[in-house]
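Everything below concerns the one structure shown next.
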């Protein structure tokens, strides 16, 4: 653990489904690695798929990954996080993840992921999407979700938006 | 309060933005009224706009409306609910609303509303939308949000889906 | 439901163990009845024992009782509440109960009850105890938990402290 | 960060008041140091007093301390934690702390501390007290809170109870 204290770091959530495609898993691992190299703490939901890949990418590169689990026990966590917090809040932990971070990177498209994107936008936490949801308000106008074309772009955007 | 106990009733959330159009407010009030007439408890987020209109429609028709507020004090509630619960959970109360109900009716399109739609889908709570969000997964295929054309249709769908 | 709106009512939590003595159950039922007669909403944790007795006393007297359950489904609720909210928060719902009320009446002494007494004192919600815990800080000095000798005294204290 | 993953570590909460005596602060720092030397993660409420002293003792000895703050921003955290999570849950974060750990060490006696002791006992998380609360059920019998006479004894008990 470097000398920087926990309050001074940047925190970025990597959110995405527990069942993901190879492309999504690969992107998640690269995002995790790049965030670690930039000194950001990676927060995930602690389960499999995108969450596990991002945490593994982060900790394999020497970074710190924190898992905020929906259930009440650490047993369900993937084995790639530095710190595992079982919240017991069920899906409400999605809001806890968003609240804890300076930016969100969304990879892939489950309903849980969409809830995190929406909660982030609701609370002015910057979000960037890698192949995730497109959303439109009822009538017509498209809504301005930031999209990245690569893991590097997503990390660049997230850290710039997070103010570091 | 009729003889039916609280555990036997049907609970329906009416979710939507605190700032809404006249059409949305009118739909919300009608949805609230129809739910009251069918004996369902209406749960809202307790603030203005769609939330206040739905609660007013419900209680004006003799129904029971429950407000689950994001803040920690009842002072911020609209004056139309039978019961006011300040949760102090901030945006996490969106998840509490979804968890408490048998069906969700979404009217209009704020980010908070989208988070409730997504949390409901994530946890298999039936949702129907009146002029609310349209969502698409990254690539192409549209996603099957149920849409209603009228307050009556929305209520019919919600109660049918809720099993009453 | 009378014309008074939900934001204007007084809310009082009746907290106590799910397994209780006959004396405790009798006190809880009387407290529930007296609170109903005074127009206060009774909030309980929604399970058995003291919680069920207080809710039954309240609703049998025409009052409104709200159950805030620890689990995520209404199935576990006692059948005596007007409104049943499954929070899915586990023991964290104890804090939600305290946050929602103007005063707490504690009857009997489980650990869950003690957590509610302590959270209430921590957040300046008035508490009165009917045969519940006695607590002392490490060294010596006794701590000033208000104690009542009867259901009537407990209700009197709670409503006075709640400002009604 | 050593090779052990976050799910395999032992987690111990050190709970106590934000305003504490010199003796309590000294005990908290020693407890934090000893837990770090034994490889346990220290979780605190992230504010001052006992919380800050325990985290400082831990991180000064090369350990990992996690702060679970009541508020929604990292700004209120003490500067001694490795990881800072703003929960925005207010006093409900006391329950989150208890849920996240294998054992609790309570130092000193605020109402918040008592709520954590009670929640831990309620959910079968082992607790040991250093000069903290004494509690008695209404009638007479004293209740079996484990007490330690020194920081070393408290840590020994906590880690033994946590199964490591």
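Labels for the chains are A, B, C and D, by order of writing; each one numbers its residues from 1.
Throughout what follows, a residue touches a chain if its C-beta (ideal position, glycine included) is under 8 Å from a C-beta of that chain, and two chains touch if they have at least 3 such contacts.
Here the structure is a predicted model, which is why all the values come from computation and not from measurement.
K.L.:
Which chain's centre, taken as the mean of its Cα atoms, is farthest from the centre of subunit B?
P.N.:
So the chain farthest away from subunit B turns out to be D.
K.L.:
Count the C-beta contact pairs for C-D and for A-C, then tell me which is higher.
P.N.:
Counting C-beta pairs in contact for C-D and A-C gives the edge to C-D.
K.L.:
Centre to centre, by mean C-alpha position, how many angstrom separate subunit A and subunit C?
P.N.:
Between these chains, centre-to-centre, one finds 40 Å.
K.L.:
Suppose each chain is reduced to the average of its Cα coordinates; what separation in Å results between subunit C and subunit D?
P.N.:
One centre to the other, that is 28 Å.
K.L.:
Multi-chain contacts in subunit A: which residues touch at least two other chains?
P.N.:
In subunit A, 72, 88-90, 92, 96, 99 touch at least two other chains.
K.L.:
Which residues, counting only subunit B, touch subunit D once they are in their complex?
P.N.:
For subunit B paired with subunit D, touching residues are 72, 88-90, 92.
K.L.:
Per the contact definition, I'd like the list of subunit D residues that touch subunit A in the complex.
P.N.:
1, 5-7, 9, 41, 59, 62, 64-68, 72, 74-75, 77, 79-88, 96, 99-100
K.L.:
Spell out the residues on subunit A that touch subunit B in their complex, using ranges where they run on.
P.N.:
89-92, 94-96, 98-99, 108-112, 114-115, 117-119, 121-123, 129, 131-139
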